[in-house]
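In what comes next, chain A is part of two complexes: it sits with chain B in the first one and with chain C in the second one.
Up next is the complex of A and B:
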């Protein structure tokens, strides 16, 4: 006589889904896009390195030689914080459940004897692992290629790299959770996600007021140790109206955003009736 | 988990692990100089301590091969003997063995009575055994410093005043023992400002000037005010010195000598005063030049420039001047008397 089967726990189920989804996420067509997205900064860093090696004057900004740490800081701001992290959040976060619905494979997952929210949680964790394991090595390569140019010191800049790692991982987690909620609740999540990441967030950050507190970028920017680049009028405005919450406030706010949106997304998955189009 | 997914995770974690490990080593221990960087100026600047008051560079190979040097070499025959003697004593043929050298003058923390302590770092081909044997013959002893042999010569009351170390094949540091030790530290550990070990390449002001001097095959740059304060100048004279912070001299030796002397004044007013003084000297020089065409040619090449706080005087010493100098030197100079070797000195 066999022992009665016990229902798997939420975390145990999520771990099984994570195992299953990580491979799917990594070796999908989206990975090509991800590779291009993260290979770009590395290629740019190689080009900067070559310029620095070939030309004595190195890489110059406004006629003055730019230090490696300053260039790295600029790349973190312009490429990773303002573009790569939100884009990854939008593309992967919104598709966690939506892809299964589109492929009509959601039924297979929901008919398993596991909580529905475990599917979302497992997929979300797979997203966090996948993007973190891709973004952080990319940043690492950029750091070593760029920081030592223009007389920069790896030793001096290293503590800021560790802070960047933490900030990017937290940012990916927060954006992923927000867009996971969008993906489970809204019909066309990708468009809404893009509008939120590249319309709403940059817009409200430009103006004074409390609306910027309804963004992820506001709290993420407080964790950045690099100087904000003043590359355009928009950046200049952002600098002028920049209110920086304390690190503790930002960490707490990002944790709350991640927890609440993930919980809401889990509830949506538990209660929503997914009708598969024939 | 699929095998390729597992490989990806392992590879990614490996990249992160290696990177973080390397960064931690750099942060706590420092990197061997040049591990990731190639800054401005000669690479040997990485071994010069940051507090250098004067840094100088000479591309010895280039200068030795120059027309000016060839002309002077022919005109001054006794040099050959001196050069041979130097080669016998040290195993170094200046003409062919040294490629380039970097020298520095740093403040001596133990005393204010000296302008500073110096060190020369030369790159070339050296007979290490012969040089060490010669120094030991003259009373030096060998110390081990972080795995490097340090040949220390005790001079006078200063027990560690002069040392030599081959930091790597073809790279020798000679000079004040403390400076040579710091050069070895910088060579092995690289810049590590956290531990208080930093090279002159961290001195942004100085490196900006070095960058502007790189067209010359000989140059020097220094902190004028620091030098003047340690030089024990007479009271009245020190007060009359122009308010200069940095000075630099750059020259290119080939057929002739082309160079620029540059001074960074404390403010624009001081720079204007300095320009007036230089103009006065230039006028005086032109008056004194008389009918000597070579000197007239040289004085005509003088050009006073610079803007804001910078005063620059460029000059050209044409090949004709060196021709004139060589004709003035008697063909058969008496040989220098040979100094008899005394053991222990």
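Up next is the complex of A and C:
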């Protein structure tokens, strides 16, 4: 007589889904987009390095020679924090479940003897692993290409690179969880995601008051060690109204955002009936 | 449903004249978008700046204390600048699935098996997006011009700024053509409208972010040609006879716009094809 089968645990099931989804995420056509997105800053860093090597005067900001660490800080702000991290969150977060619904393959996952929320959790973990593994090398390449320009010291700036790694990984996790919730609850998640990432967040950060606490960017900014660049009037305004919470508060807030939104997304997946279009 | 009669029956309807097939696609697409309540909400929101400007014009025309709010050519330029946000969201909402959804459903072959050429198909899809984009750019700007005249009770502003009507028309049509062609080209590259939407956001925001870095490093605006929105802003200022915003010569910005449209045309030519049956 065989022993009775026990139901798989949430984490065990999520690990199986993670294993399944990671390969799909890494070897899909959308990886081309990811490659272009993450290759852009590297190409820019190569161009900056070439120009710096060819012209001895290097880059000048307000008459003074710009250091490599300062340029790297600008790239982290303008490319990674303001664009790449939110856009990856929107792209992957909203499609965790929506893609399976569109492809009409959600049934195959939901008929397995595992909790439905494990499907979401596994896919979310795959997203975090996949994007973190791809974003961090891109940042590292940019760091080594740019920091040594303008007489900058790689060794002196290296601790800040580790902090940037941690900050970007936390940002990817938080944005991914928020947009996973959007993807599971809303019919047109992309529009809502884009409005949140590129409409609500930049707009609210410009105003004084408490509204900015309803963004992920507000808490992420506190983790950035680089000086905010003044590339436009909007950036100047942001700097004027910038109030930075402490690192501990930011970490706690980002953990709460990630935990709560993931839990809500899991609940939505458990209870929602997905109607597949014929 | 079982097919009981497999006999042939000749088509009894009237034949649409050649070259008008695109109107069917455009009409159906526009009607289906108007049926979506969320989209109507977005359109209504896109007209909000128009109402704010109308109040501004009313105050300027009727209250001496508000004379500083009097409109100028730059007011219309700024209005179209503000509409760029709505242009982005309308483009993603309407345009992302225009060709991608047909590719996903394998409907492209069905379309092209009808008396409809590829050019007509693309033009029909372009007309859907262009209609809604003009509805949030050209239409409110022109109505604003009429509102200004009616509140002022004279034609003085229009007489002094006679170039405004052609300027609004030329700029909005250039903007709409570039945006719609880019979105259609991206839509033809994938089967997923979500992927297309993100690609479009990438084109807009990533090009601006790259320019932002170059500006922050060099403190020069001569690399603005890299940014998709900056090229439109530069050409907009030329058309509205305003001082240029960037150091990039405007013909370079114009070249980038033309290049964008041409590249989109090439992509559409390659991607929008029926099935070739090789004997």
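Note that in this section the second predicted complex is superposed on the first by the 274 of 278 C-alpha atoms of A that agree within 3 Å, B and C clash if a C-alpha of one lies under 4 Å from a C-alpha of the other, contacts with A are read in each partner's own complex, and residues count from 1 in each chain.
Note that contacts are C-beta pairs under 8 Å (C-beta built on N, C-alpha and C of every residue); 3 or more make two chains touch, one makes a residue touch a chain.
Remember, it's a predicted structure, so these values are computed and weren't measured experimentally.
*Asks:* Answer with clash or fit: chain B and chain C placed together on chain A by superposition.
*Replies:* Pair status: fit.
*Asks:* Contact-wise, after the overlay, does A:19 reach chain B, chain C, both or neither (first, second, both, neither)?
*Replies:* The first partner, chain B, only.
*Asks:* Using the superposition on chain A described above, determine whether A:53 touches chain B (first), chain C (second), both, or neither.
*Replies:* In the superposition, A:53 contacts chain B only.
*Asks:* May I ask you to decide whether A:11 touches chain B, chain C, both, or neither, giving the answer as first, second, both or neither?
*Replies:* Neither partner.
*Asks:* Give one of first, second, both or neither to describe whether A:260 is in contact with chain B, with chain C, with both, or with none.
*Replies:* neither
*Asks:* For A:252, select first, second, both or neither according to whether it touches chain B, chain C, the two together, or no partner.
*Replies:* In the superposition, A:252 touches no partner, neither chain B nor chain C.
*Asks:* Report, please, how wide the angle is at the C-alpha centre of chain A between chain B and chain C, in steps of 10 degrees.
*Replies:* Value: 100 degrees, nearest 10.
*Asks:* Could you tell me how near the closest CA atoms of chain B and chain C get once both structures are overlaid on the shared chain, in Å?
*Replies:* Once the two complexes are overlaid, chain B and chain C approach no closer than 17 Å between C-alpha atoms.
*Asks:* Quick check: in the complex, which residue numbers of chain A touch chain B?
*Replies:* Its residues touching chain B are 19, 22-23, 26-27, 52-53, 56-57, 65, 129, 133-134, 136-137, 140-141, 143-144, 147-156, 158-159, 161-162.
*Asks:* What part of chain A is in contact with chain C in the complex they form?
*Replies:* Checking each residue of chain A against chain C gives 29-30, 33, 36-37, 40, 44, 48, 59-62, 66, 71, 74-75, 78-79, 82-83, 87, 90-91, 94-95, 98-99, 102, 188-191, 194-195, 198-199, 229-232.
*Asks:* Which of the residues in chain B come into contact with chain A in the complex?
*Replies:* Within the complex, chain B contacts chain A at residues 1-2, 4-5, 8-9, 12-13, 15-16, 19-20, 22-24, 26-27, 30-31, 36-40, 190-194, 201-202, 204, 207, 211, 214.
*Asks:* Residue numbers of chain C touching chain A in their complex, please.
*Replies:* Residues 38, 85, 89, 92-93, 96, 104, 190, 192-195, 197-199, 201-202, 205-206, 209-210, 212-219.
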